[in-house]
Amino acid sequence: MRNDHRKVNELREVTIETDYVKHPEGSVLISFGDTKVICNASVEDRVPPFLRGQGKGWITAEYAMLPRATEQRNIRESSKGKVSGRTMEIQRLIGRALRAVVDLDKIGERTLWVDCDVIQADGGTRTASITGAFVAVVIAFGKLVENGTLKELPVTDFLTAISVGVLPEGEEILDLCYEEDSRAQVDMNVVMTGQGEFVELQGTGEEATFSMPQLQKMLSLAQEGVNDLVKLQKEAIGDWSDVITGKQVSGAAKES
Amino acid sequence: MRNDHRKVNELREVTIETDYVKHPEGSVLISFGDTKVICNASVEDRVPPFLRGQGKGWITAEYAMLPRATEQRNIRESSKGKVSGRTMEIQRLIGRALRAVVDLDKIGERTLWVDCDVIQADGGTRTASITGAFVAVVIAFGKLVENGTLKELPVTDFLTAISVGVLPEGEEILDLCYEEDSRAQVDMNVVMTGQGEFVELQGTGEEATFSMPQLQKMLSLAQEGVNDLVKLQKEAIGDWSDVITGKQVSGAAKES
Amino acid sequence: MRNDHRKVNELREVTIETDYVKHPEGSVLISFGDTKVICNASVEDRVPPFLRGQGKGWITAEYAMLPRATEQRNIRESSKGKVSGRTMEIQRLIGRALRAVVDLDKIGERTLWVDCDVIQADGGTRTASITGAFVAVVIAFGKLVENGTLKELPVTDFLTAISVGVLPEGEEILDLCYEEDSRAQVDMNVVMTGQGEFVELQGTGEEATFSMPQLQKMLSLAQEGVNDLVKLQKEAIGDWSDVITGKQVSGAAKES
Amino acid sequence: MRNDHRKVNELREVTIETDYVKHPEGSVLISFGDTKVICNASVEDRVPPFLRGQGKGWITAEYAMLPRATEQRNIRESSKGKVSGRTMEIQRLIGRALRAVVDLDKIGERTLWVDCDVIQADGGTRTASITGAFVAVVIAFGKLVENGTLKELPVTDFLTAISVGVLPEGEEILDLCYEEDSRAQVDMNVVMTGQGEFVELQGTGEEATFSMPQLQKMLSLAQEGVNDLVKLQKEAIGDWSDVITGKQVSGAAKES
Amino acid sequence: MRNDHRKVNELREVTIETDYVKHPEGSVLISFGDTKVICNASVEDRVPPFLRGQGKGWITAEYAMLPRATEQRNIRESSKGKVSGRTMEIQRLIGRALRAVVDLDKIGERTLWVDCDVIQADGGTRTASITGAFVAVVIAFGKLVENGTLKELPVTDFLTAISVGVLPEGEEILDLCYEEDSRAQVDMNVVMTGQGEFVELQGTGEEATFSMPQLQKMLSLAQEGVNDLVKLQKEAIGDWSDVITGKQVSGAAKES
Amino acid sequence: MRNDHRKVNELREVTIETDYVKHPEGSVLISFGDTKVICNASVEDRVPPFLRGQGKGWITAEYAMLPRATEQRNIRESSKGKVSGRTMEIQRLIGRALRAVVDLDKIGERTLWVDCDVIQADGGTRTASITGAFVAVVIAFGKLVENGTLKELPVTDFLTAISVGVLPEGEEILDLCYEEDSRAQVDMNVVMTGQGEFVELQGTGEEATFSMPQLQKMLSLAQEGVNDLVKLQKEAIGDWSDVITGKQVSGAAKES
């Protein structure tokens, strides 16, 4: 039924390659099938003006596509002299999502710049960006812990994102590729923590609407995808994985 | 518990004044408490390049705030020479939402420009914009039907939007004012049709997360708010209300 | 003879509604017939770089139109990424005019931002803006006096503006509406103080010219209009009116 | 009394050099004392979109200063990426003034571009620009008549501009240099035809005001200056001078 | 003597990976040591306005760096809203160089867009871009020949670029890495054809100068580097290599 | 053979007029035949951020053309809101070239702004700009020495620039006018010191290439032109000429 014969709850092949580029503190190449995104995390020793003097940090994200990441060549936003609404929406989403699992009070007056550059696009670039950016961020903060700049890893949980949707035939599916995304009636991006809490939920009917039962099916698929992605993130970040898992537990304890 | 003594499921006072400005085909001043938005719908007899020659129309929305709609004066986006990410995100949302309840094939090669200008802001400007814009759009299309340009009202259902959220105390509430929005842990905008279908769902943890039970409580509050808002829209658009209700039924029939 | 049957020296109905929007220190909705402008005055506790450290203040004005304030929808200047020459010319005029009746040495290192936003346009938007902005400015400064920030009202005289012109039939008229403005051969904006001194005089032949006798007739009409407008301003600002009148006298004495 | 010992009604030395640059159809270097402006008129065989198909032409003007035309170096507007309000105001003034003495119906669907570039500034750059631009325009149109493109010179009268003002000492003066302009209380630019009709009148109190008698004295000084400037323009344009004078007479006849 | 122990006439390790990204007609990842550039060639079926109707094509290049391609993160040019002088200079160079070895008359009214995106920078990004772009261009044109769009490969010779320079110690070297480039007194980029003709020569003294003998030594080193690079290009493009070599001969014959 | 009957090694008539505009510290009008450029050097008492606190200065250049410097009118870059690639390339070249003969350590924390404004263009505007800018810079620094701001002239050698090229007929020529530049196959700009060292070499095949023997002939022509230009510069700067010549010698001594 799906053009690449996946099951409705099956992710595309996901790979996470770390230390992809040499200069950034954290650098990851993440692939969801043919979607490939370079996620670089850079540490800057100052914060934006609105935060100065408060002793806390900030995370800001930027997102872009190479002109020929897509079937048709896109005009560069630098040539147009302005950033599109779609780009701004995505980079605001990525930054917001990451800030939900980072304790900004523990990073000092530093900014973490997260650059997500899509080199090949086949649907799901924003969810791949978030999932890969999380890994780059952990690696960057890990280096700051290792060199003594930070006392502990300021990351409170895993963070992944995945798309779900409803095809015109009425079927709910996980991890839409571009062809599926183009014809889907409903498109939803779910950003979730490793503990299964929602960070962000963005569901859109594309000249269509969706009902409560459809919403529930989609959320259930998303939960399955998130579980798979967290496993891959754990492999990519190695030992830091246990540190984060430890924080999850104390986090749950704190709430109760 | 709420600073204006509302119940958790209580809307602020909502008023919809039609024919507010004389030039636009549809013009509405909508108030949600101290939030006041002018929603103007303008008809243009051509479509953007990507739709030319296809015999169908388009709806595009623009959103702006007067510089002193807020407690602190904002710099005009025209002075800055560019539109902010937040503005772009909101105007894309408004346009997308309206397109979900308008049959673009029935409006010919026309663009409906919807301008939402916030003259006073106290939280919920994007949901007030969508709720008011729907009324302006119906009035504008109504005029095109009355003067014979269109054969029938191309609107397939009511469209309203409302915010819900979770306060730091853990309480879920409906229709957040600015003070509540500032301290809420979770902020969710729900765009719904008169038949209770979702058009758009945007939930965001503000450096926080939310669980499935919290999501369900919020959606239930939103449904209550939507029901109240549809009643107010019906009063504002008068006779066109029955025309839309008639389409709802046939719409449901078509789906079955 | 005039399309709305006014006499040549008759203003349109002018109304001034104060406290129109809640956040600004001074907020006015002024109407000249169908021309409606929101004038907001905001106080900022710093001055532009060129004035820093001199112990004096500044007044700066911004002017904009809602896209559908006019018969044809205008593209937003924020979307175009730049402000038009006409807009810049008007906002420079408004700021300059207000500075002529405010003693900038008495307001400390503060900037008064005056925002004039046209929500409906039918000719004379710049003169309505100045006339309404003056009221907003007095109210804003009045609040600073009342809360002890300023020792006295730093306003030295009333300030009003009105248009005059010459119709193609050769008749000089006062307060041109859009229809008259479109066909007038000569268009002149007169900014005057309550004592009848000129602050600004801008007369333009529209692919035409005007003679000295025509100029004198126009100036005489403008003086009549100004007298009427000052009465309306006095009603709008209440008790501050006498304070300003008191300054006029001492001002005249100082000059002699 | 004046820092360069001129009488109150005395112009600075004014020179008009024609054919200054080789490419433009009309090219003039005009000097008012140390103020030097290159005025180039270029003919383009098409009109802006709003005039297409109407068989008439258009005149548009651009104004700029070399960065070091002034005492302090100015940042180039091309580097800033936008044109200042002052520049826009001046170029709109120059274009409007020229259109008042050119019969746009007689030039076909052509645009006359008038570029006024100030290479050295010492006050009065906008009036020098208009006075010089008129000469460049006559020369450019003269060439079009000579080569048979136009049947007759489409210029209906002479056009000059001059500044007048009021010094702090209360004296009214003609043709302000920069030093005088800086300290003047009132600054007025008068654009007049050869027959003494007003085209544009722009008087501004610089944080000051002016009375009716002061206005009348200034206008009388301006008339003197205009008479002198028209003589210089006649010398610069040679034989075309009589053609224009001939049109003045028939113009007056038409009006009576 | 060189920090990576290369001989003065030794290139860094150069690799050319073809078919790197799936959408573009030609796609290459080229590495010069730690400098890595993605070169994508896209075919568009129209030409810029200045070439329309002439039956010939065009090649245009764009160049950019990922923000963290470098040691310090760079602000994106899309965020700044304008392209830097350095970027413009490089993309003009790449386009000009490619046009020297492509017969634009033989590609019809098509534009070849060449995007060079640096993902990791360690000196020599512009020369790597040209060398890699050539391969991407040949592959893209090869596809057009294979699918019958073009009759023959419109490429007249090989094209490579390499940097040479003079170290402060006075030694001339080939293929400068970033560390060498930073301290070099002279930096020269040489663009050459496979037959050893110059296409572009850009030598710059960095607050220094260079003599004729130094120029000659640098040109000799460049020739060595070019010979090595052509060999690598031949491997990358496979069979098309002989087609180009065939054209070289006939080209030489034509000139004699 | 050349359209103005010059010999292949003959410059156009070159004139250098000093003190052309009154405000700048150094001001020159330079002509190469019909190419005329105003070169103004301005001293500013601060440096760009990247140099602050290092006790050394900077030279930055800007280049522009009047819209009608050319046969066809060009749109102003200020109207377009951005500076073209060509302009940026030229102004970077001018700045870089001047910095090669100025000892930035000896000018303190000052910026020298060099503005090259082309008022009439007939080929070779960038080389005329450099040659004229050098004279303006020497005059500006000379004034700083004379008024005691600087201890000595911080100029280490003469600096001139000239174009050479290859015509389609195969002839190498010196100092191309616009007509020659348009049809030349190769265009090379050579920036040289008075001692015959290269500062910058930019040779470009215009959809063509050039061989080593052609390069050598062009460089030999350039050397002849530079010798002639240095003589003219010496006349223009008078006594400062000997000061620079004195530095040349010691410079050579230092190197040996």
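Note that the chains are named A, B, C, D, E and F in the order they appear, and that numbering of residues resets to 1 at the start of each chain.
What we mean here is this: a residue touches a chain if its C-beta (ideal position, glycine included) is under 8 Å from a C-beta of that chain, and two chains touch if they have at least 3 such contacts.
Here the structure is a predicted model, which is why all the values come from computation and not from measurement.
Path length between chain A and chain E in the touching-chain graph (shortest route): 1. The interface in D-F, A-B or C-D that matches A-E, meaning over half of the contact pairs are the same by residue number, belongs to D-F. Chain E and chain F, compared by their mean Cα positions, are separated by 28 Å.
Centroids of chain C and chain E (each the mean of its C-alpha atoms) stand 61 Å apart.
Measuring from the averaged C-alpha position of chain A to that of chain F gives a distance of 52 Å.
Between chain B and chain C the centroid-to-centroid distance comes to 35 Å (mean Cα coordinates, whole Å). The set of chain C residues that touch two or more partner chains comprises 81-83. Ring order, beginning with chain A and continuing to chain E: A, E, F, D, C, B. Partner chain E is touched in their complex by these residues of chain A: 21-24, 27, 34, 38, 40, 42, 44, 62, 64, 66-71, 73, 76-83, 87, 113, 115, 117, 119-120.
Looking at the complex, you find that chain F touches chain E at residues 82-86, 88-89, 91-92, 96, 99-100, 104, 188, 193, 196-205, 207-212, 215, 219.
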